[in-house]
Structure formats: structure tokens, C-alpha cells
Amino acid sequence: MVKPLFDKVVLKPFKEEEKTIGGLYISSQKTDNSFMAEVIAVGPGCKIHGEQIPMVVKEGDKVLYNKMNAFEYKIDGQDLIVISQKDILAVVD
Amino acid sequence: MVKPLFDKVVLKPFKEEEKTIGGLYISSQKTDNSFMAEVIAVGPGCKIHGEQIPMVVKEGDKVLYNKMNAFEYKIDGQDLIVISQKDILAVVD
Amino acid sequence: MVKPLFDKVVLKPFKEEEKTIGGLYISSQKTDNSFMAEVIAVGPGCKIHGEQIPMVVKEGDKVLYNKMNAFEYKIDGQDLIVISQKDILAVVD
Amino acid sequence: MVKPLFDKVVLKPFKEEEKTIGGLYISSQKTDNSFMAEVIAVGPGCKIHGEQIPMVVKEGDKVLYNKMNAFEYKIDGQDLIVISQKDILAVVD
Amino acid sequence: MVKPLFDKVVLKPFKEEEKTIGGLYISSQKTDNSFMAEVIAVGPGCKIHGEQIPMVVKEGDKVLYNKMNAFEYKIDGQDLIVISQKDILAVVD
Amino acid sequence: MVKPLFDKVVLKPFKEEEKTIGGLYISSQKTDNSFMAEVIAVGPGCKIHGEQIPMVVKEGDKVLYNKMNAFEYKIDGQDLIVISQKDILAVVD
Amino acid sequence: MVKPLFDKVVLKPFKEEEKTIGGLYISSQKTDNSFMAEVIAVGPGCKIHGEQIPMVVKEGDKVLYNKMNAFEYKIDGQDLIVISQKDILAVVD
């Protein structure tokens, strides 16, 4: 199990065939900077400049994120992304 | 539905044929850094350096924005832009 | 009408034939980093690092600005520039 | 013995054959920016912008880290990594 | 007349034949980063990070400045430089 | 004698034949970003953002440092390194 | 006379034949980033982030400095360097 630290969030990227949410087909052909995935673990939050950063995303959220600031791993054959919450741009439902 | 986080705003770019607002024809041939779109969703705001950032744009606003800092998606065939409010430069009416 | 947000200012660049002000001929052959234009709209100001930024330029001011940080648009055939007030360097009269 | 200063942490990278944890096979073929290792020493923490940084990782933790900000040494034939705790992204167990 | 804003200063570069001050011949063959000019207008000062920046140079000062951060104009045939006071390095007399 | 200012530290790099400490052979073949040396002088410390930086390394410490931020000199045939304490990563003993 | 502003310091580089101090021969063959010179004028100090920067170097000090951040001039045939005190790394005596 991957437990994110600080304000980090673990994401599971959508498989190609899953890139439809609620009937919507998602793609990001237009740019490589951002993409979509599902939240599978959320860090405890952290202090930045003396201010506690609350975690607002939760497990199961489908999110658009900034791919430029994402760290990608493959763990037991599963692609995982670790990213700071600030680089999650929006929740899709 | 795309729900922006923090100070993010979701924009719908103008189709080519819509680039006239109130009789004005808009183009940005002169530079690729900035463009125009309509606000379709506004995030809740956030704290930056201990200071709450109020959201001043609202749904329906036609805005000029800094394309350099925009994230572009295609969701269900619709082009969408997610951007921080600070990268929205002006409202056009 | 273009209404600038925050500390943004809308400028109208001088047409070539207008580049004389009060008898002075203005050119910037020496560098591409800076140029001259007339203020046509001023934003409401904003807070930066907890400090309210007052707007000191006003409509009608002829200004020298840092072209590097300017966003250029063409609206209804009119070239417009949107820029942060901090990138306006001087007023010419 | 390598004693890290400030918020630094000393890591021992996994040997290729050890890249299975709790039955999970770890790889990072997808990107060079991040990787996995075991914590072998933890610095005392430090103050950043007047705020004490607590150390939350501990010896024995298996961690994912940002390879871009890691310093790699070979000491007595053993590869070691020194890194700031902020560049440790997650604990794997 | 060019009236600088904020902490800006307007400089008039030395003509080649004037590059002797008080008997001293000035040149900057060794580097392109810095140069010399005379102050002809001084801005009102400004607040940076909540702190009022006092203007310490005055009209008539001969100064060495950092050419990298200078904005150059030609107004009515006269070369002018607009620069932040912080990029003025020294006064020569 | 070289007396470091502020938070600077003077290091003497290990000669090739000295790169064994307490029986450990040190090398950094894997990267050019970091290396090892002995502390020979320590600055008085300084204030950064209003906060006094205490000096925690002392003469005689063998340290791993970030070569990227090191300044190298040759004084009287002796190679010396001047570096900020923050770029010293760990003490080896 | 060159009077440095703020936290600036004026240095006179050592002539090749003077690069011996107290019997020590100084060179910086190993890197171009840093060098050695004598302090000939010291600025009044300045406030940075609300904090007064005291000047700790004095006329006559032989110093090692960061050449990357130095501004070089030739005034009346004499090479001069203007530099912020923070880029002076150590005093040699």
C-alpha cells in the first residue's frame, strides 16, 4: 500500500477504455500538460509557510491534474501517480 | 460536470464563429500568449500566503486569459480550459 | 468593452503616425523589451502579499511599458494590450 | 556512518532483486523523476522560514522519492542517497 | 517629459565623447552587463513587501547600472533608459 | 588564512588516496552533483529572513556536500572549497 | 570616485603579479565562478525584507567573491568590480 506524505495524493490513471465518466468521453489530445485519474490515497496534509493545508480531495474522486508535476510509478503492474494536491485542478463527476 | 478546486476556473473557448461579442470581432493573431473564453464554473477560492483569495469572475463572463498558464482538455467532445483566476486578465462585455 | 481585473491595465498602442507626443518623436528601435501606449482602462487594484496595490495610472496617460510582460489582443480591429500596472515604467507628457 | 544534517534523510536504494515489497513488484520504467529506497538515517530536522520541520519518516521505511533532487554517493561499495525529506513522496508498506 | 513610476529612474546614457568624468575615462569593454549614465528623473518610490523603498539617487548623479535590467527608448532623438533604482550599483563623482 | 563570511564554510577536498574514512572507501562515480571534503573553517553564521542561522558543522568534520553550489579555489597550491552550510548534506564518521 | 549604493561593494581585482598574499599564491584555475580582489569602497548597507543588512567587509580586505554575480568596469584604465556583499564569500589574510 502506498501512503502519501504531506500534501501528496496517490492517483490511479484511467485505462484507455475507462476514459468515459458518466457518459462523458474524456481525452486530452490538445495538450500533454494535464490529464485525468482517480484518487486512491490522500496524504495527511502539511504546513506551508506556517499554514496548515487541508486536504479537499478524497478517495474515489475523479480528478483532472497537471501532468507536468506528477511522479509516475508502476507498482505490481499497476501504474500509480503521486502528486501534490495543489496540482489537482478539478474534480469531475 | 467539472468542478474546479481552489482558485481554479473552468472556461469554454469560443468557437471560431462566436468570436464576435456585442458586435466586436475578437482575434489574437498578434500573439499566442493570451486568448478569450467564457467562464462555465468557478472554484471556491483558496488561501495563498495566509490570505483568502476571493473569486471575482462568475459564470457567463467572457474573459481574456493567459494561454501560457491554461490547461486544456476535451471532455465529451467539448474543449475545456482550467486556469487559475489570477491568469484571467480582463472581462469583456 | 474590456474591463481589466486586479492590477491589470488596458493599453491602446500608438499608431505609427501618432508616435509623436507634445512634439517629441518616440521610437524604440534600440530594444524590443519596452514600448509606448495610451491607457484606456484601469483595473480595481488587488492585494499582493496582504497589501493593497493602489492604481496610480489613469485613462489617457501615455505610458512606457515592458513589452515582455504584455498580452496583445485585436478586438474589433483595434489592437489592445493588457498588462499589470507594475510593468508600466513611466508616464510621458 | 553517514549522519544527515537538517531535514536530510539517507536512503539505501533497492537492489534490482529487492524491488518486490510485500509481494508487490516495483518499477519506475515510466519516468526517471522518481524512484524507491529504504530510509537508513534521518536528520534532526530544521527551521525553514521560522518554522520547525518535523521529521516524519523513520529508519526502515520504504519510500518513493523524487530522483531529480537526490544526491547519490557510493560509500565503501554501498550506494547511498541523501535527500531532503520534502522530496520523499510516499511510504510503501 | 518622462516621469518614472514607483522605484523607476530615468537615465541619459553618456555619449561616447562624454565618457570621461572628472578626468576619468570610463569604459565597460570587459562586460556587457553593466554601464554608466546620468540620472535625469527619479520616481516617487514604492512599497515592496510592505516596506517603503526610499529613493537615494538624484537628478545629475552619474551612475553605474546593470544593463541587463534596463529598458532603452529613443524619445525625440534622445536615448533614454528606464531602470529600477535597485539596478543602480554605484554613483561616480 | 581563509575566513568565511556569513553562513559560509571552507572545505578541503580529500586527496584521491584519502578517500577512505574509518575503513570506508568513498566515491561519487554515480553523480557529479555531490562530493566529500573536510571542514577547515566555519563562518560566524548570519540572519536569513530575520532568523539567525546557527552553524552546526565544525572544523575536522568530514562532510558530503552539493558540488553544484560550491566555489573552488587553489590557494598556495592547496585546493579549497567555499560553500554555504545549507549545501552540506551530511557528516561522515 | 566610485561610491557603491545599498549593500554594494567596490573591488579592485588583483593584478596577475599580485596574486600572492602573505606568501600564499592564489589562483582559480579550477573554476570561473569565483575569484579574488581587494575591497576599495563599501556601500552604506540596506534593508532587505525589512531587515537592515550590516556591512561586515571593510576597505583593504582581500576577499574571495562569486564572479558570476560581479559587474566589471574599467574606469580611467583601472579595472573595478561592483558586487553585492552577499556574493563575497570569505576574507583572506
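Think of it as A, B, C, D, E, F and G in the order they're written, each chain with its own count starting at 1.
Just so we're on the same page, a residue touches a chain if its C-beta (ideal position, glycine included) is under 8 Å from a C-beta of that chain, and two chains touch if they have at least 3 such contacts.
None of the values given here were measured: they were computed from a predicted structure.
Number of steps on the shortest path from chain A to chain E, with steps defined by chain touch: 3.
Centre to centre, using the average C-alpha position, chain B and chain E are separated by 40 Å.
Here the spacing of chain C and chain F, counted between their Cα centres, is 50 Å. Listed for chain C are residues 49-50, each touching two or more other chains.
Chain order round the ring, anchored at chain D and oriented towards chain F, is D, F, G, E, C, B, A. Of all the residues in chain A, the ones that touch chain D in their complex are 1-6, 8, 10, 41, 43, 47, 49-50, 71-77, 79, 82. Within the complex formed with chain C, the chain B residues making contact are 23-31, 33-34, 36, 49-51, 56-57, 64, 66, 86, 88-93.
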